[in-house]
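Both complexes below contain chain A, partnered by chain B and then by chain C.
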Partner chain A sequence: MKKITVCIGSSCHLKGSRQVVEALQDYITEHDLKDKVSLSGAFCMKNCREGVSVTVDGVLFSVTPETVGSFFETEILKKL
Partner chain B sequence: MMKQKKFDTKVQHLKYKVLREVARLAWKGTLTENLLDVPKIISPGPEPTMRCCVYKERAIVEERIKMAMGGDKNNPNAIQVIEIACDECPVGGYEVSEACRGCLAHRCEDACPRGAITHDGTHKAHIDKSKCIECGKCASVCPYGAILNHKRPCERACKVKAISMSETKAAKIDNNKCISCGACVYQCPWGAISDKSYILDVIDLIQKSNHNNDYKVYAVVAPSIASQFSYATLGQVVSGMHELGFHTVVEAALGGDIVAMAESRELVEKGFLTSSCCPAFVSYIKKQFPDLEPYISHNPSPMVAMGQYIKKIDPTAKVIFIGPCTAKKMEFNLDSAKDYVDSVITFEELQALYDSRDIDIMTLDETPLDNASYYGRIFARSGGLSDAVVQALKEQGIDNFDLKAEICDGIEACRIALLKASKRVLNANFIEGMACSGGCIGGAGCLTHGDKNKAEVDKYGKEAMEKTIGDAIKVLNMENQ
Partner chain C sequence: MNDLCVDVGYRSLNHVGEELCGDHVELVEQEGEDSIILVLADGLGSGVKAGILSTLTARIISTMMAAGLSIEDCVETIAATLPVCSVRNVAYSTFTIIRIIRNEEAEMIQYDNPLVMMLRDGVNYEYPKTELTVGGKKVYKSKIRLRENDIFVAVSDGCIHAGVGRSLNFGWERKDVIGFLETLAPVGYTAKALANLLLEACDNLYDHQPGDDTTVCALRVRRREPMNLLFGPPTKREDNEKMMRLFFGKEGKHIVCGGTTSSIAAQYLGERVCPTLEFFDPDVPPIAEIRGVDLCTEGVITVNKVLDYAKDCLGDNKLYEKWSLGKDGASRIAQLLFEEATDINFFVGRAINPAHQNPDLPINFNIKMNLVKELSECLRRMGKRIKVSYF
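Let's turn to the complex of A and B:
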């Protein structure tokens, strides 16, 4: 089970947390990964300047609404 | 730029100074050793500045220190009388003043339902206090306004009639009636009624978190903050909280968005509801209108809703609510809230915490605060909750329900609506009850109160990035998809 956590604190929210979350939810549904990938939120990962902050099993990434597709491809799909 | 004042009154300033000094010692860990120095810091003497002598001043400061340290543990109420600070104001009730001209009409005499008014040889009115029931009818009919009501400011402020006079003539609070709204705290000109402070608990939680490494301390801040700290920007206020040691700051208004969505559904299901956001209003229903208790919304307040979410995603989190409200100091101890909110402080106390660490927020960079929608944010002012419920119904496509909201601004308006509801003559299906005048922006824990506050809240609402309730709460439902 891969655990994705998306920062929904103010800075990240302003940089598009919601769009990132929506995209991730769509990808998870599309690839039928509900049993393999979990999604949850966090308030602030102390990486405010580089948001949207996302961790995958504790490893930190910076994702934007524009890059969320390639992020999902390389960090989730290819590593399952 | 003109320097804007931090408080409305000198009473607030005095309370703040005590809180600040107590907090200063607590951060340093020398509270026990240096506590006895505080009265002399506040009242250095040799001349008194507030009371008859410095010794009385210092004795009162000692009582204020006790309040700053949590108050009387045996008294469950968050609001407490500081007996020696009470000036034992005269309680005359209705009295005839010099303005009585001894007219011919004697409307006062005719209006009195108890025959308490007579006229002497010069035709001037006299009130027989043994017969007077303080109904005020004489005062309302006097063409000269010559009959005045001399009431203690605390009693006048207390619309739920919880304050009377003790055998020692000091103010006495009836805990069975008090809803802890804090109106008396704000109105007593002597600062003789105060809310208990939990700043020491907050300092302790922050310090023991080991810089948020052992657990994280979250500040959940009420939207009425938009009208506060007017000498700085909201972004600087948020930065100040980070400086104090909070892990992060989250808007309670996002809890407002959650509540608006749930409340609208509950309303449609039940057909009649009273709001549950304002803990003083909820307490009032339970104490004075127990028959209406089943109609209180089962939704948590925005504060508790946020606490629930934070503890769901971070089970070891500590949640501190920062707001304008003294009644929240009662609410967070309730069984329904105590697992989700660890402590509550007011804006007054936040100012004291900043200054106890010499944090000048005006010199700080800005940190953004943007979690909620416009609708969650306007909960801070009267009418906002109802607007949010209308919006929530719309967003969910519920168009077969006609919302008729009774917006009660202040506890007097709440009383009238509840009275009508209990007699089944209220022409509304939703009672929005806010105990403080204007809503939360009128709260006793606010630094300042003013006409512009409502506009400030609306402005802050419009600045929210998310324009709908649904969009604001979308990120909260990831786990349950």
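Let's turn to the complex of A and C:
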């Protein structure tokens, strides 16, 4: 089980965490990964400058609504 | 002193085609006496003239009563002051005075307006009244001991005349209005919502073309409801513990706003912050859950939205349906602060979040401090008792 956590704090919200969350939710449904990937939120990851902050099993990434597609490909799909 | 308080809401509809309302409502606090005085005056006719008559009447009565003068003096002053209508050769404005003393007693003085309707435990209550003659005018006076959930509704005659000759033969009679209020009472609407609902019903009966100025004032006796809102971490980290102890030591519900703030609160409680991922409103970040906290939201963006709702609520009230039914963080805070709370304690931390001081982001420190200032001012105008403590 992979655990993705998206920061939904103030800064990340303004940088597009909603779009990132929604895109990830869509990809997970599309690839039928509900049993393999869990998605949750975090209030602040203390990485506000580099938002949107996303962690995959504790490893921190900076994702934007533009890069969320390639992030999902390389960090999730390829590593399952 | 008891733990009751009175929630007041009022609104008017103007006679069709008029820009000014001929009814006027004045609400004043009597300093030092812990009482409030509400005056509803209905000026003769409509438009500018009626507006002047009713405004003068309501202002004179409320100011004089607040200064402790007797009703006789007030009526005499009005009779001597009001300009005489050149068409009808009378100086005339009807009025209703409701004075709430120490949240224990209501004193009502009624002159020629429809009699105030009162609901006790959700049903019509015929309160005692005595007839007096003051300055040649017949006036009704009542004294009523207040109980929780008592509802008083004062209206101008536009309300009970609603629909005359249109949808109803004789207008909306007093007993019908009472019936309407009895169906609404159990829902627990705020005074403002109650006044709006009754006024909307009148507007519909008038087919949105009111044949008279129509005003509804609702007063609802309720228990005081304290509420506490924590916003931002303290300037000094070593004050975390103290701030949390004071905040959680307060009676009433607890709202926590802000990411870092939430984690400090959770740590103090020995619990975890569990954020949700549901975007009920695309502009407002999702809420989180902490055991022991009634509501936990993101900070600046959410509170900014609450301020928008507060301003609207005091103005056009166009967003009422949005926030009163919304499930996002801002709507939930609005429901708690605007509707449920009577006494609100703000615990504001003044720590500066360096990541927020980016000129590209609309969430810097000054904005945050202004939010608190503006929001507490709006809430005061809604009749709430506000206390702000900074850390």
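Quick note on the criterion: the second predicted complex is superposed on the first by the 80 of 80 C-alpha atoms of A that agree within 3 Å, B and C clash if a C-alpha of one lies under 4 Å from a C-alpha of the other, contacts with A are read in each partner's own complex, and residues count from 1 in each chain.
The rule is simple: a contact is a pair of C-beta atoms (placed from the backbone, for glycine too) under 8 Å apart; a residue touches a chain by one contact, two chains touch by 3 or more.
These numbers were taken from a predicted model, which means no experiment stands behind them.
Chain B and chain C, once both complexes are superposed via chain A, clash. With both structures placed on the common chain, the touch criterion links A:49 to chain C but leaves chain B unconnected. Look at A:79: by the touch rule set out above, it reaches neither chain B nor chain C.
Superposing the two complexes on chain A places one region of chain C into the space of chain B, and among 92-100, 146-154, 164-172 or 200-208 that region is 146-154.
Overlap of the chain B and chain C interfaces on chain A comprises residues 6, 8-11, 13-14, 17-18, 21-22, 25, 39-44.
Every residue of chain C that touches chain A in the complex is listed here, in rising order: 258-260, 262-263, 273, 275-277, 279, 282, 285-286, 288, 298-301, 353, 355-356, 358, 361-363.
Residues 6, 8-11, 13-14, 17-18, 21-22, 25, 39-44, 48-49 of chain A are the ones touching chain C in the complex.
Against chain A, in their complex, chain B makes its touches with residues 218, 247-250, 310, 313-314, 367-371, 465-466, 471, 474-476, 478-479, 481.
Residues of chain A touching chain B in their complex: 6, 8-11, 13-14, 17-18, 21-22, 25, 28-29, 34, 38-44.
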